[in-house]
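Chain nomenclature is as follows: A, B and C, assigned in order of appearance, with residue numbering initiated at 1 for each chain independently.
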């Protein structure tokens, strides 16, 4: 009962087409078929957020998106945030605040933080905590991550 | 340089998502590998059957029969097989038996399920008491993986004279490291005979452990085996010894197929099959005089070591050496045992035995204070170790230790006195939310126990490069702690160079010396000291050979080094660890200087408990630590914040549910680590007191933050809810309810 | 990914009509697939029975929130984010805002749907207790037409629903409360976010002449399906706020619940805490 889907989507501004199973996880399409390995797998069950990407402007867990539902979607991954060599303000804040230790949660964390700032440009601490509650970090205790997001959001 | 919050060198790649972790590796012709495991806790493997519906001829299949060298993982004790062979004993329910590889990743799981193992079942041991009682002998002659006695004075002489004798039993469960990046390994095997080369790249803390394990597995010499430690997405000890087993697996598949092979565990497999923190059961008996001064500390400390020894001998050692805590007692007896059970073996996890024994003593101190009608602050103060005292192993404290100062600082920061008073009034008011504040005082020995470093005789070095910059040569690995940055700072300071002229070479056994594993809070203090010394030697050599003059500028150094390398080909300096003569340790009697020094700390915690649901909220947390000298304040604070978060999780929420000898809640959905919504701002204070062992006076800090949170939180629970039996970690809401009800029942 | 994908099939019909047609022609063959936040987890774990799935994402009629003077109606594919962002929901149904907000975390809320949440029929689902409390009605659709079922009669047992093999969840209708109202929602999980509930209680009451004129209490995780606490409700209904027999209601609650021991918690904890939370709710009701 094999079936293949010709999947067309826009990833970081570039149209891409791949042939995949309709139930293939978008995470695997990104990592294996498109070789965009910045997005990570941490749990495969939508718990950890390491696979977070923006799909049609909203943060989602790419491990839970079947390829068929990403047809014609506009996708932004961590690779799409910097402007060439220039880091985004969020990426820069993460760097200067040491908000990344092992860095494995970082792509998903930055994507979620970007989603938060897109909707809520100047979040207070509780809004940041809630906005990032779907991204687990085991290294930092979240302290520097909260600092970085608030600074990028323009808080003092 | 040292002391400056230098921005992390690896940081830019991390925020770009550009860091290459092992699962990001790919190669032409690569195969994916998978591990077929036993599902019986104990038995004899009779047969392996490959079921219908799978194109087996397309698969690479490896069993124990394919092993060229020894089927034993090189470790402290060589007891664990890479794969169980026919007729051999299966000793836990996730034991590797068969390896499969194929280019189609999703076919692998179907194939795994199609392999059936015929196992003649044997009765299994699944808990500490059954193991001690020898209901079955499952390991050696007496189920003991290791047995240690520490004796100071004579405890039995004082029980009768003591004003108070107070006992308690404390339990902690297995804790999962939950690094966000699961275990992954990638192997390439090429060539034949003397040209055979086995190379494994992986998520590993100790490339030389892997190197040694592969040598033994393939019966190859040093230069035909190569281990390369990739940057890790977290480790915390969970990638200390397990990678040796996994490297062997992936290399066996690559060896048989002569194709590159990658094995990546998914989260379910990583949780159920790989190492965790040892579960513990500690019985403490303390004797005090009428003023609350210690007469005796008598501790029975038992760890569940699982089916094989792995790290148990050393975890037990560290746990035993921390069991008497930060106190001076004239009589101490510690009996520590690691016992075997038919469960997947535990291993290293930040703290390495010390969190378990410190949990028991620090919780028990508050129980004793309450029993004697004393203030827990004053009870500790009058018993703290200070300069001139001896520890349980007879180690003389030669440095100025100010535990009172550290404790007072933490208590002041959290507002202990005011809060205790306010909470006592609040808790009597009828509000279902009860509040509590408490603390723990603890230490962590830096570097390996006494003879460990001597045994390793670590070597590290620095090298001048053709472009005039310097490269640090050490086998230390990067798991998020920023060691590349810290090492660069240390060497840059020693050479009077800006930090961007120093970089750290990849941890590749082909190119770096064996500076020992990245464990035991030793990287800054021990390896950092070695590279500092090597840097001084390099500077000396450069000056003595007239490539530069003393007092050079960075540019002069650069030009001088370029010339040195161009002239001589290579320009390197190494330094080897020598035990400081003043550190004297006897492994046989456990007497002497257990560690070159300790880092000292106090954690204070404020909690609220909702008596409608028994949920605990951490409202405030202060961690004060004296760590010698802080090399990089931002990175150091990050280490403490992260360690405290893990300690809080262990104390309140992280419950490993074991059923039939395996972890039943092996999904992130059901094993709960804290989210950003669960923690308050974790507050960190550093105190400095430079110690000669470390570069610039630095001590180790990696594990210290793990030791304090759990007992501080349970002490705070007692403050909030009263003298209930808060004796177990994690103290989940279900357990809190049970403790409340057992008192209500009378 | 532990499932062998070639054994599975996901078809994306271009419209609701096409979907219903397929369901009618081959009843029981296709399983509907909404946001995927439940099904993809099971697929990844290798625990999804081999089968054929219908991707509902092109069924426009299943989307959208519609408002009349008396009712707010949600398309089955309404996401939790859409629930949270709807002004009318904040205005009339605070419990629905809370239950949506406590579902997983943002990334899940952007994809999870009300219809999927209901049809997955987990007793631990976060929104069904709110829907029970508000007296919701589900509307089902097939080629044979539509029909409505009171939500509190929709679940018949563990993963058993009043849903024919050719039917789909179409809309969820929630009547707007009138008069003086009281709302309460509490979910108890192991942590503050990304937690499956150990117990969940949602309540709605209408107060008239200082007494409880209407009361519905919805429960999660303490029965084989989301359940009404009818026995506890009966004790409180009609009573004046100043004299609510709380202890009696907590005792009656024991008949409404049948909690179990599982990987997350114990039957005993669930029972005690549900009674405690009921008590907390009633005390707040008394003070309201």
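As a convention for this text, a residue touches a chain if its C-beta (ideal position, glycine included) is under 8 Å from a C-beta of that chain, and two chains touch if they have at least 3 such contacts.
Remember, predicted model here, so these are calculated numbers, not experimental data.
Engineer: Of the chain pairs A-C and B-C, which one is connected by the greater count of C-beta contacts?
Structural biologist: It is A-C, judged by the count of C-beta pairs in contact.
Engineer: Return the chain label for which the distance between chain Cα mean and whole-protein Cα mean is smallest.
Structural biologist: Answer by centroid distance: B.
Engineer: Could you state the distance in Å from the CA-based centre of subunit A to that of subunit C?
Structural biologist: Their C-alpha centroids are separated by 29 Å.
Engineer: Using mean CA coordinates as chain centres, what's the subunit B-subunit C distance in Å?
Structural biologist: Result: the chain centres lie 43 Å from each other.
Engineer: What residues in subunit A touch two or more of the other chains?
Structural biologist: 44-45, 47, 130, 133-136
Engineer: Residues of subunit C touching 2+ other chains?
Structural biologist: Residue numbers touching two or more other chains: 1, 5, 41, 45, 105, 192-194.
Engineer: By the touch rule stated above, which residues of subunit B touch at least two different other chains?
Structural biologist: Each of 266, 268, 667, 669, 675-677 in subunit B touches at least two other chains.
Engineer: Enumerate the contact residues on subunit B facing subunit A in the complex.
Structural biologist: 7-8, 10-21, 23-24, 26, 177-182, 231-236, 266-268, 479-482, 634-635, 637-638, 641-646, 667-669, 673, 675-677, 679, 681-682
Engineer: Which residues of subunit C touch subunit A once you look at their complex with the stated criterion?
Structural biologist: Going by the criterion above, the answer is residues 1, 5-12, 33, 36-37, 40-41, 43-45, 52-53, 55, 57, 81, 104-108, 110-111, 192-194.
Engineer: Can you name the residues of subunit C that touch subunit B in the complex?
Structural biologist: Within the complex, subunit C contacts subunit B at residues 1-5, 41, 45-46, 105, 188, 190-196, 263-266, 268-269, 272-273, 276-277, 279-280.
Engineer: Going by the contact rule at the top, pick out the subunit B residues touching subunit C in the complex.
Structural biologist: Residue list for subunit B touching subunit C: 105-107, 109-110, 113, 266, 268, 432, 611-615, 653, 657, 664-665, 667, 669-670, 672, 674-678, 732-734, 737.
Engineer: What residues of subunit A sit close enough to touch subunit B in their complex?
Structural biologist: It comes out as residues 31, 35, 37-45, 47-48, 50, 77-79, 82, 87, 91-92, 94-98, 100-107, 110, 128-130, 132-146.
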